Amino acid sequence: MALTSPLDAERIRADFPLLGREVHGKPIIYLDSAATSQKPNAVLDAMDLYYRTINSNVHRGVYQIAEQATNELEAAREKVRAFINASSVAEVIFTKNATESLNLLVQSWGRANLVEGDVVLLSHMEHHANIVPWHMLVAERGIQLRWIPLTADGQLDLTDLDALVEGAKVLSVTAMSNVLGTINSVRTLTDAARAVGAISIIDGCQSVPHTSTDVQALGADFLAFSGHKLLGPTGIGVLWGREELLAEMPPFIGGGEMIRDVRLDGFTCNDLPWKFEAGTPAIAEIIGLGAAIDYLSAIGIDNVRAHERMLTEYTLRTLSMRFGDDIVIHGPTEPEHRGGVFSFAFKDLHPHDISQVLDEHAVCVRAGHHCAKPLMKLMGVGATARASVYLYNTTADIDALGDALEAAGSFFAF
Amino acid sequence: MALTSPLDAERIRADFPLLGREVHGKPIIYLDSAATSQKPNAVLDAMDLYYRTINSNVHRGVYQIAEQATNELEAAREKVRAFINASSVAEVIFTKNATESLNLLVQSWGRANLVEGDVVLLSHMEHHANIVPWHMLVAERGIQLRWIPLTADGQLDLTDLDALVEGAKVLSVTAMSNVLGTINSVRTLTDAARAVGAISIIDGCQSVPHTSTDVQALGADFLAFSGHKLLGPTGIGVLWGREELLAEMPPFIGGGEMIRDVRLDGFTCNDLPWKFEAGTPAIAEIIGLGAAIDYLSAIGIDNVRAHERMLTEYTLRTLSMRFGDDIVIHGPTEPEHRGGVFSFAFKDLHPHDISQVLDEHAVCVRAGHHCAKPLMKLMGVGATARASVYLYNTTADIDALGDALEAAGSFFAF
Amino acid sequence: MPGLEDLYREIILDHYRNPRNRGELESPPAQRVEGFNPLCGDEIVVYLELDDDERISDIRIGGQGCSISQSSASMMSAAVKGHTVAEVGDLTRAFKGMMSIHESSLGGESTEPEDLPDVKLGDLEALRGVVKFPVRIKCATLAWNTLAQAIDEASA
Amino acid sequence: MPGLEDLYREIILDHYRNPRNRGELESPPAQRVEGFNPLCGDEIVVYLELDDDERISDIRIGGQGCSISQSSASMMSAAVKGHTVAEVGDLTRAFKGMMSIHESSLGGESTEPEDLPDVKLGDLEALRGVVKFPVRIKCATLAWNTLAQAIDEASA
């Protein structure tokens, strides 16, 4: 069966300067986009242009470059709004990364609304960013955590969803696993949450960069994601929330920009979204994220998904064909249910050792617990090796991964 | 009297691309470095190089570029350590800006150590970033704020310092006012705090970029500053703290990177400094900050101070000579006691209107409350116009400011 | 490129120098509302009296700020005094419509030109130049937002 | 450029395949301490018995991890068994000295070459190549840090 993609990945690759470099004398094969994506020239140029021509602090300057900087920052907010179909820019809050977005929710909404004994429903496949902030609230408030279990092939086991969600005040789950690649049925989850009056929070770190997101169709109350996995720069994240909820929430970080008035005896908050954006914003990074969204939108996020679906099918097929029982790829077997993230076990090699040999072949994969230690424990492993793809990867990259794995197998052949 | 500077500002200007541009057909005169500084090519190039050659997520990758990225990030931490003479890199925590650094302290140290009625001593010249987080703790905990008053010429009035600090648990003050330019005698303050067993926090936003900082000589427990005012990028700040105190503090933001272990029923924290750095760090921004520090160190921070001292003397003298009673420059009259930040009132013109006319002459100054509304109230104004200088400014810039002010005077002459 | 003359029309400077309806009203009975421009520190205080027909029987303006915010408040006070709440609503929409071009991109409600009430803006027309200086739009609209709040509270 | 052979010496792979002193000791009386490499998930469990002369009378290693962390733990167990706490301290410093080049830049304590105790590292020498792969240094030192903690706790 021929696999087709709507994208011309070769042309796309030319936009990503890092993909043209060599490591250990070989062309780099970057298969770690689930950790962070590469950046197209358009993003780097947008930030560079900002710094070289209009760098200045925003929202307060009357002079021309400060006004331009403010406009570009707010234009980027509008781009994010459109990208996720939020109903207003007031709902788009810039943070430093998805981790801060989730902590903001726990500390602002959580502290204001949760009391001892209240139940928060998470899943066994969550990233530490969606676990540890809740643990902190457990310690502080005595809330309770419940965990949605997984099926053998790494999907959420929703058999007892009704019982699990019963009495919960919050549901907080990832839209796509950064370890298993599993794409979760978000709408089923948010519907169940709403039915019992719980709010729902979606960790969109792995989904927003790779599939189309419509927050109004998602049925969720909040969505968190990071810029650096979305072709954007480091140092920038997003929290989307429904305006009614954001408006009620107390501030998280206090300081300049987020106030309306400050007196010796108190302060009043600024309007949304600025109420949650204290201090000098990550101006260049916000502009860079806007450029990343422009780039992705021009290509079409559905085309990105189609391309990665093709790569997923190719990867699952090729690796099993080449290595048979020597390789175990965790997670769902159907490309339809998963994104382009492949955690695998290979022979009896430790993921670190695999990754070390792969590096000699300029193949970059991640080895470790992927910030999902509870999931590792459930899987009965300490770590996995993980390859992950994005719009700039090709079937040739997967072939190179296969070749490098073969070499690793020989190197450690006892 | 001839004014001399150890710097060749013309040569330095060539390193700053934005300073070569024109606005409204005239060469830009950037006098707003107290809001944010311009960035030298060295900083922009370092970030660009990172993205183009080693962009990858840090601390977890076994492959070469991830290892290089990690090394560069940790090397930048060492540069910051050396720049402020901290005793260990464990004491250097990266945040998104100084505002986050201060909030981290209030929410982590403050919540863990302060109870109802405890006194926190601030000053009347604080930035909102060092006021609002405390107000939030007042609301939550019922702590009490005390305020060090100011003298008529905008210095801290320390006459009653002993009484003010008596019984305080925390002293938190700025090393240099972002409105008045006042350089505070930090050591006097920290000594007084230590004498009563209070911790001291220094807001170094305006001092660290302009004068040499030795945290071991400062006598303080914590220091906060931002990268973007220090020739560095947006999206990066620093919190320095004494290791013993940081080690005792609970985490602020929870997630990846800051953990040692995560289980379904709890987590343990990573070592310092990572315990306070949850989520993917601002990798490019940290590397950019490192490059900024290299640049400043090569020039010599004492030379920067000397240059700005010269400019301060020139500014105070020239503007008074040209405008006599038509101009009032707030703050200390002695260049020795102030940095290169000049808030002024000009005739009866409103700061916005001044700034608007100045912009026509490509002169960029700030107009507003400068995130110091309590100070504005004390000064009996709603806003001031503020010009501020850095190593790349020259006496010619101050002359251009004078010319533009003259034009503003004529334009609004009634 | 817009010049300073587009912004600072003579009539604006006149209202700035000689503000109309400057002062206070005793409150209560008058409604007193403070408005802030959080980014620059401009403050407007509106004192408002509505009579039984929901007509603005008296209005006074306090506060401080730049020529644009103060002259806008002054012109507004002159334009609304003696008018009904409904008429003032139309005037506000018309004024905001004139200003809306950039405000929409900053998250304010934007008003489509077609929906604009057919109202004569008179002196207020002089503020049209402000739209070319987007940072100053908030200066011009501050008084209007504060007035809207005062009317809301007085009618509540 | 360092090659894979510098890292994966034959003797390392041998200890990885055939780990020495693998297992558990009943605790108490043995001291049991877990060590984590927070960044990659490697885990080492050290079971330790000290006799009355502060000598390591028995040691067992549990946990899981990569070839470097496991072989390092295995070699360590062989090298320290039967030795006094003082001798093990010297050995630890010598081993960390060998590894220190990059650890110092990551915030670990660095040991100046001059201060290093004059101790034969034996098989452990095979791990010298790890310093050329800085990310892996933490793998090699995990067992040693865990042992140090176990000794601390056992002597406390």
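Letters are used for the chains, namely A, B, C and D, taken in the order the chains are written, and counting of residues starts over at 1 for each.
Keep in mind that, in the parts below, a residue touches a chain if its C-beta (ideal position, glycine included) is under 8 Å from a C-beta of that chain, and two chains touch if they have at least 3 such contacts.
Computed from a prediction, not measured in an experiment: that's the story for all the values here.
Contacts with subunit C and subunit D are shared by A, B.
Mean C-alpha positions place subunit A and subunit D at a centre distance of 36 Å. Here the CA centre of subunit B is 44 Å from the CA centre of subunit D. Multi-chain contact residues of subunit A (touching two or more other chains): 24, 60-62, 66, 259, 261, 352, 356, 367-368, 373.
Chain contacts: subunit D has residues 39-40, 133, 136 touching two or more partner chains.
Taken as a contact graph, with one node per protein chain and an edge wherever two chains touch, the assembly fits none of the named shapes, being neither a line, a ring, a star nor a complete graph. All chain pairs in contact, by the document's touch criterion: A-B, A-C, A-D, B-C, B-D. Against subunit D, in their complex, subunit A makes its touches with residues 24, 350-353, 356-357, 360, 367-369, 373, 376, 382-383, 411-412, 414.
Subunit D contributes residues 36, 38-40, 105-107, 133-136 to its touches with subunit B in the complex. Taken in their complex, subunit C has these residues touching subunit B: 1, 3-4, 7-8, 13, 17, 39-43, 64-68, 70, 133, 136, 139. The residues of subunit A lying in touch with subunit C in their complex are 59-62, 66-67, 70-71, 74-75, 78, 88-90, 259-261, 270-274. Taken in their complex, subunit B has these residues touching subunit A: 17-18, 21, 23-24, 28, 32, 35-36, 38-39, 44, 47-48, 51-57, 60-66, 96-100, 102-103, 107, 127-129, 131-133, 135-136, 138-139, 145, 147, 226, 228, 233-237, 250-251, 253-259, 261-264, 266-267, 278-285, 352, 355-356, 358-359, 363-368, 371, 373-374, 377.
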